[in-house]
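As written, the chains take the letters A, B, C and D, and residue 1 is the first residue of each chain.
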């Protein structure tokens, strides 16, 4: 493979893309569609994970202080816990008012005065992740001045189960879709190679080296993969942008805020580009392999 | 140069032998006509010499080296020394006449300048310079055949194997082409031509190897075409 | 097109499928993949809709009876409302107990006796769909003996917004995926027809009628479409069955019960089969069209 | 039967005329050799007669009906009356020899019994009965060509258009094939053969139409092949 051959292959890849426009377009569109579906699914999965994490970090532990507890000491003790994200103190008077509001009739509760208020001081503690709730609750239970510790044990357990289940579902489906996309692209490239089987045969008879035969296909496959990935990214990005804007406009509850940070979306779009290019490149190599090793 | 020893060829799935016990020597610089009825095994022999595949049995050597022992690189180098004219042309449909001939040079890494010089020469020799921008589908049968001949000659190979190179051209053009082969042969190139063109064979008076049902039945130093006609 | 031709075409379709096994396999797999993705998405969408509907029909209207209300009369009045699905009466004593439990410390509430119980009788009313909540609440407000009516106005509004938004998203994405699948299959069939362009040309030169040329391709396309759809349905069904079983095993909250009824899944799987067959059949017709009308 | 009147053909994108102002009549039951140099326009003329495409200008009629006016159904019926031998064979790679020949019958709706009877007859006439299960890729060049001839004959057409039907067979086989064409012609079939086989033309002494650069330069009732040779 000398310089002339390289130059030739480059030119040839371009000429071939131009002459087989339909085939190239079909392949590129296929790459785009399959990567688009994969990417869309990963965006969905990122958002679901995001929502679950939001819910998780909103799980509250209600800490009922004993009637004679040192509230300030307990507050600082709670705040120093590693897994704790936030501690809110609801003083007993405030608790009474809230209870009245929650029951829909604040006036009814005016029978209570600060003196006969049956409610204790309550801390609302939020931890960083659902997995840390039970250990944090355990730790809090042992603190002096704590009467009762309460949290949605069942809900936390279910959230954890959902999270685990959803992430394995996502990994499995992503893998499936990914393999599907790869298989699809390779199959298409193989069809396009099959259509040029004769050409490859003639090249071999003329004494072309395998590398020489391979290079234009490789370049073509790479370009098609990259273009397909770019197309998929573009469409996906436009769609996602429109969708997330519409979600935000609707002022949905906090839980449904879409993921928009570059840190989270970057890997997905980057992954699409890399995957598309790699599949195009290696798919074409794989597709011509068996036409080269006959004799 | 080429040594064929007790070579037989039976195609997979076929009961009959396409070639049977062929023994033949082609010296460097020789001009050999391969004649025989349709289906006698001429193309098969040429394909074996080209190492398109290996014979079922027997030995073929090129300058003493066993073709069956070639590794990938050696096979490549061997084919690069040969100009092959296929009975079914095997032009690349997607390339123009010029590109088809140029391809034979590009494959072995010639520079664009070399290509731009050699290709028009070869096309002129077969009378197709003015059709150089046409695609194979836009050529007449004889024109396609001549593109195949130009492609085989453009590399100035040591050995030319031509399978029925004048089947689609008129007798005048056929004679010109045969004379072209003879001229190239004069420069030292070994030439083996499988042909049915009896009058050409009779005219050129070169070595004639006749096959019949896969066997060599005649090998004349300066023979003619012997048939019923 | 006489009987001999028909018989010939049938045989030819089979022979061609057998001789072009790879191409046929690729096409079938492509059909399967694209329909599988589409079907998977529709299953997802059916489940999301199901969950939303479950949430919707669980929205509660809390009806606080006046202290002097005729509870039985109110109960029967509520029950006769068209949009109401369920009415539960929580008597004031019971309400007190529940409140104590909810606050985590039932004992604290023993200061209340039936005599000084500040809570009213409460009805929990469930309507059939979120859209009916506000009108039902309005109707209830006007009933005699009703003190206050309360429901999560914000949550209901958001649920409605989500529902509307999600269903348009689902329709749009389904349409997109459906078109993608159709385009994909037609493109593949076109490639396979392109690979046999020469054959079609020879047929025309021999005087074959367009119908005669078309029929084997049509049969082939139909069979490939049907097989692909069957494959997609089978895989999808196995996956879905496994997934929904695992969801049920996890005893997730009621909201996440998967859709399993034949009435809901039937149309999806039926749709896949019909779509696959139709796309295979018409795709093949479309793909050869332009090879027939040249001259 | 066929009337060609002032027909010219220029291929799209080409500057030169492949055929220029051709006027020619082929009577029913005639046997016509079309000769001329490579690229003279023989195949182009046959393709126009076959209505593969329409001429750039001029008129071609079959039994008084303008080929250009044929609708889909009429074109189909016209082609079904013709047996065409293509210069590049145009066999279906996916079908065996038998299936290729049978295809010509199946296309027009013959019954399987009729196919089973007619196909072996046609194959026997070209000497290929024993190769009937082979695929085209497993045949020699001449064998493929003969499959094409068998396919053209099997329908017992009113008109046979054969483009260089003996370019890939030896002179003996070529003579047999030409005699076969002559025999078919005796049964009333009109035959037009484009050929370079000068000795065959000289032997059969039939009508010879010679083309040169797209023009008719000779039309002899019982002519020979006139060339430099």
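One rule holds in what follows: a contact is a pair of C-beta atoms (placed from the backbone, for glycine too) under 8 Å apart; a residue touches a chain by one contact, two chains touch by 3 or more.
Everything quoted here is computed from the prediction, not taken from an experiment.
Listing every chain that touches subunit A and subunit D alike gives B, C. Ranked by how far their CA centres sit from the centre of subunit D, the chains are topped by A.
For this pair, subunit B with subunit C, the centres built from the Cα atoms lie 67 Å apart. Between the CA-based centres of subunit A and subunit B the separation comes to 62 Å, rounded to the whole angstrom.
Rounded to a whole number, the gap between the C-alpha centres of subunit B and subunit D is 28 angstrom.
In subunit D, there is no position where the chain touches two or more neighbouring chains simultaneously. Subunit A has no residue in contact with two or more other chains.
If the chains shown are joined wherever they touch, the resulting network closes on itself as one ring, and no chain has more or fewer than two partners.
Remark: the chains found to touch one another pair up as A-B, A-C, B-D, C-D.
If you check the complex, the residues on subunit C that touch subunit A are 23, 26, 29-30, 33, 36-37, 40, 62, 64, 99, 103-105, 108-109, 111-112, 116, 118-120, 147-148, 150, 155, 158, 161-162, 165, 169, 173, 177, 180, 183-184, 187-188, 190-192, 194-195, 243, 246-247, 250, 252-253, 256.
Listed in rising order, the residues of subunit B touching subunit D in the complex are 11, 13-14, 35-40, 42-44, 87-88, 134, 138, 140-143, 146, 163-164, 167-175, 196, 198-199, 225, 227-229. Subunit B meets subunit A in the complex at residues 50-53, 72, 75-77, 79-80, 84, 86, 90-94, 103-104, 106-112, 151.
On subunit A, the positions that touch subunit B within their shared complex are 1-2, 4-5, 7-8, 16, 19-20, 198-199, 201-210, 212, 295.
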